[in-house]
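Each chain gets a letter, A, B, C and D, in the order it is written, and its residues are counted from 1.
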Amino acid sequence: MVAASSTSAARRRVAVIGASGYIGGELLRLLLAHPQVSVVAITGREAAGKPLDAVHPHLTGTGLVFAPLTETGGAEVVFLALPNGEAMTHIDALAGEARIVDASADFRLHDRSVYAATYGRPHAAVAWLPRFVYGLPELFREDIRRAHYVAAPGCFATAVTLALYPLVAAGWLEQAFVNGITGSSGAGASPRPTTHHPFRADALFAYEPFTHRHVPEIAQALRLKTGQEVDFVFQPHSGPFVRGILVTVYARLRQNLSPEGLHRLYAEHYADAPFIRLRETPPNIKWVGGTNYCDLGLAVRGQTAIVWAALDNVIKGGGGQALQCFNLMHGLPETLGLTAFACNP
Amino acid sequence: MVAASSTSAARRRVAVIGASGYIGGELLRLLLAHPQVSVVAITGREAAGKPLDAVHPHLTGTGLVFAPLTETGGAEVVFLALPNGEAMTHIDALAGEARIVDASADFRLHDRSVYAATYGRPHAAVAWLPRFVYGLPELFREDIRRAHYVAAPGCFATAVTLALYPLVAAGWLEQAFVNGITGSSGAGASPRPTTHHPFRADALFAYEPFTHRHVPEIAQALRLKTGQEVDFVFQPHSGPFVRGILVTVYARLRQNLSPEGLHRLYAEHYADAPFIRLRETPPNIKWVGGTNYCDLGLAVRGQTAIVWAALDNVIKGGGGQALQCFNLMHGLPETLGLTAFACNP
Amino acid sequence: MVAASSTSAARRRVAVIGASGYIGGELLRLLLAHPQVSVVAITGREAAGKPLDAVHPHLTGTGLVFAPLTETGGAEVVFLALPNGEAMTHIDALAGEARIVDASADFRLHDRSVYAATYGRPHAAVAWLPRFVYGLPELFREDIRRAHYVAAPGCFATAVTLALYPLVAAGWLEQAFVNGITGSSGAGASPRPTTHHPFRADALFAYEPFTHRHVPEIAQALRLKTGQEVDFVFQPHSGPFVRGILVTVYARLRQNLSPEGLHRLYAEHYADAPFIRLRETPPNIKWVGGTNYCDLGLAVRGQTAIVWAALDNVIKGGGGQALQCFNLMHGLPETLGLTAFACNP
Amino acid sequence: MVAASSTSAARRRVAVIGASGYIGGELLRLLLAHPQVSVVAITGREAAGKPLDAVHPHLTGTGLVFAPLTETGGAEVVFLALPNGEAMTHIDALAGEARIVDASADFRLHDRSVYAATYGRPHAAVAWLPRFVYGLPELFREDIRRAHYVAAPGCFATAVTLALYPLVAAGWLEQAFVNGITGSSGAGASPRPTTHHPFRADALFAYEPFTHRHVPEIAQALRLKTGQEVDFVFQPHSGPFVRGILVTVYARLRQNLSPEGLHRLYAEHYADAPFIRLRETPPNIKWVGGTNYCDLGLAVRGQTAIVWAALDNVIKGGGGQALQCFNLMHGLPETLGLTAFACNP
């Protein structure tokens, strides 16, 4: 077997809480190859006591065994990859001395009433809400650098926010209609009717008309960064593929815009963002699969712009983004352990 | 072998010109099972001389052999399933006494200058343009009933027009942004880089920003039926599946609308349309695959409506629609030979 | 909506018990289009009270509503599409005056001890075992014609038996190694980890080494028809597709054989079998999808023959075969309602 | 953009000749992340002059531009990823001072007459045949370490040879029937009818009965290593997925064998092989996708053993294996740059 991870004095000791899901698994895969990390604990409820590859057969030879759910093994940094609603019930037990990066939705929304309205239950740890920074590095890099607690954004929220932000910041956006499509991995590792292979393999359909739970998160991020209330509709769809998100923004502009002007706007806003790739042609989920990149594409005619964003929902919309935040929080290069390109084909 | 077709005195004698492609093949499959049809000729350029199942291995035991491209075998009705640009070069030779249903784009646009601008070449048979009726039964049923020459609409054009029409007819539509996704069969039977399986199997991407060739066709159909110029953007995407089209219309309305009001509008306009199914939930390409149905879904919030249309691009957007027109042209029940449901799963 | 079914004096009144699964659904789709059938009842446990299209969204406009599980509505013929183990618990209640075609495994094995060893439980209705005929028309057509109770074969059992039978009947088979691959629909309509789309979409793996439950069924069918005990190994695999089974038989022959001799053997044995298609090239699951055909392919070199069988597991390996038996039992043409070709692509 | 490669005094200067195909692309992806490699040239015939990401859109920000086909840029090591038949026509021009790892079939077979019979043409550079070592590290590690010229094995040949070798070496194998299934990437980057997405997406079929071109390669490798002529049949199939090969060996043994005995045999023979993973359950192509691993599974009953091998045809059956040979040739750790696990899901 190949030794995929080793300990070292300089390495940060990390734990992954809830490592049996897809985001936990991909985060773990990235951590095991990260040169400045030592994984000291992986935990799970039903997985406790099992070796890692009993749950993730692709991660072999590591020697890691699942610990009970909240045992962090003295980690300096604790990654939470729990189902929505669980991080807030365990946060006091888990926090201790450790820094936290939470991949769930529990600490993304700063307003408890918005949380309650969005997730249909009161928040169970409201004292923690103001302590978390929203972990979208392309908008909040400096905040993340100084943060002890980071809430990594949702997959659709990442794509939509990155697609809209420059237009909003420039004050050019009148209204946006955002069409989103996600692969089946976005629904998580538990089988359900809409991810049953015989059904999903040839299916394409919309869900949750007008009311996806990432909408308040997107609005909050854009408000926080630009001070503006954005008029937008977001409509998600489920597609017959496993990984990836493609969002297509139909933007009504306040003025005519040239292709060059639009391109310049995005190039400037993302000049320092190593994972944003401005494509000459419309982006393709294929080229971001297995990577932390978010590819953007642009088109414009008169007062209508179309902006595409493509990313891997489990990486840039999940474990990779959490690791990107980790790098920033610890003064490491933002791209460390995250430079893999997509496999092709 | 199962006898899939037989001749009968009462049956209409039909030919399929260019039967080696996907639309020709599906049309032929439907015709072979149609109780009022006798297939007297199938033709192809490279396929000439070959038995049918050498080209379409799924259509066995018919005894049919490809004739040279323009030999109609004395058919009363000639279906054209040629690549765009070929029908107009053969139309004089093919027409003769026969009625014609053309599945290509050659006779859809009534204005030769629009044709030239859209397809990048002058039209080769302009005298024929006014003789063709646009074969979208849900809008032009009576015209088709009286027609000798019918141009069946494009796949995307069918979906978009059916989704937009009631809103336009009611005068409620301010502007529409239409997101379309198509499967790989839409590109036809000839291998190309964007339909190479190793590429396409995990790909999702936009193409032809703002400029899809079905846009003028949609505008013409809505203008012809309602007298209105519709302000809309249509943006197609390619998805990782074989069959089906899903379009999502983001409609800016001129007034607030209730879900009931929106539903009533569509129910009324399509009350007599046997292939339109108004769904309670957003439609799914899975449920229209292999059928002539177009499933519609509706949602509304304030002055924004979302309308979905799902159909099988090779049937309702191709051979099935051609057969639906044939039925109307010959005073047969509109649904004859077209009532198959989708297979599941 | 299209009227997909209607009653008629001459039509047989049929019920489908357990119509909410995949085989029940496909059987029902076929029955609704069958010219000699009237569906008088569909039943389900959890589905009771729901309209048909609430469970099978592709089957619309029929007016059918699920009745409680065992209410046959006075049907003359009762199709059972229940999970394994349920038909035998309800058989006494369901039989009454009606003929029965059972699509489950409950009445396929004639020997109660073989049943118990194979399915890990005692049989609950042993008195019924001798009353059932094994419903593989290509081997037992005359028995089925005279039968009141028919047990339709399993999907893999159908493919393997049809592939092996001529070689066994001729006395040429020394030993066979049979490689099978099935799509995800074979696992049924209930979500489970091995049919979770994110897992299954790129997966290919073997299961149940040496011990698939169709092995005794195959042995019994070949023994019954030929009097021989066949030495064979069958190994199933799961593939990343929805519908279809492909089996590849590696046959050690007792003598050298020419391609012509092998072809002649199969052509003779299946001369009267309308759903067996002997292909010139290796068969493809694509060409049998959605059909009741079983395509066979043959190759030979010295004393080794390779025989392929491809079929649709939900039709020829499920509901279609049940309907084929129904036709035979009622003196109807064997192919009635079963002549559909595959869609392409 | 992320700097994915940089030069360093210690790094080996390498070139990839024919880098526009799938194996060249994956090899390049691995080389760009390899800590002891500097890519000094990539070449292509039609790609010459284009930046890397114009051909491989997933490999961005490298600054690499395709050079004309045979310009190696003074590389110390030249990887050939040309279509079969091209390496032998360019070998004299390319060799020079450089070491060569060829991923094509041109130098795998040591006997010119076997080459001619297998590939249907005379070999164009027979003087080079004896200079090449067969690059299957698990069998010929020491030879590769000393080699200047290495011919990396074919994808199916790798899987079949690794599955058979221990049984052959132990003298236990009487005869083997080998069922193979490959994804569409095995056919390369050029579109063709059998890899047209609308066709391939739901297809599963055999090809080249008895006569696959990797058969002589497998026989030669086993003969060379064990001195035995192996009696085996290999039958390939094409499946509806992109990456991966699964072979299932049906082995007739010379004696009864226990599961423990079989497992011990494989464990011993591959004790020093870091990329062989002996699985407790049948292996799955999913867990090896994107990796250099070959997963093996074992089952036995009486005198029949079943052995499975799963690997990624483009990596362990292509570019990864070439890099594994490179590592051995240069005294580097065999696993350097090759330790990535599969993404999941």
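Basically, contacts are C-beta pairs under 8 Å (C-beta built on N, C-alpha and C of every residue); 3 or more make two chains touch, one makes a residue touch a chain.
All values reported here derive from a predicted model rather than from experimental measurement.
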- Recurring contact interface, reference A-D, options B-C, B-D or A-B [over half identical by residue number]: B-C
- Message: Of the pairs A-C and B-C, which shows more C-beta pairs in contact?
- Response: B-C
- Task: Please work out the Cα centroid separation of subunit C and subunit D, and write it as a whole number of Å.
- Result: 40
- Message: Need the CA-centroid distance for the pair subunit A / subunit C, whole Å please.
- Response: 45
- Query: Can you give the whole-Å distance between the Cα centres of subunit B and subunit C?
  - Reply: 35
- Message: If I count partner chains per residue in subunit A, which residues reach a count of at least 2?
- Response: 22, 184-185, 189, 198-199, 201-202, 241-243, 284, 286, 289, 345
- Task: Sort out for me which residues of subunit C touch subunit D in the complex.
- Result: 177, 179, 181, 198-199, 201-207, 209-210, 233, 235, 237, 239-244, 246, 248, 250, 282-286, 289, 297, 299, 301, 304, 306, 308, 310, 345
- Note on the structure: Seen from subunit A, its contact residues with subunit C in the complex are 22, 183-185, 187, 189-193, 195-202, 241-242
- Considering the complex alone, what residue numbers of subunit B touch subunit C? 1-2, 4, 22, 25-26, 29, 32-33, 56-60, 184-185, 189, 242-243, 274-275, 277, 279, 284, 286-287, 289-291, 314, 335, 338-345
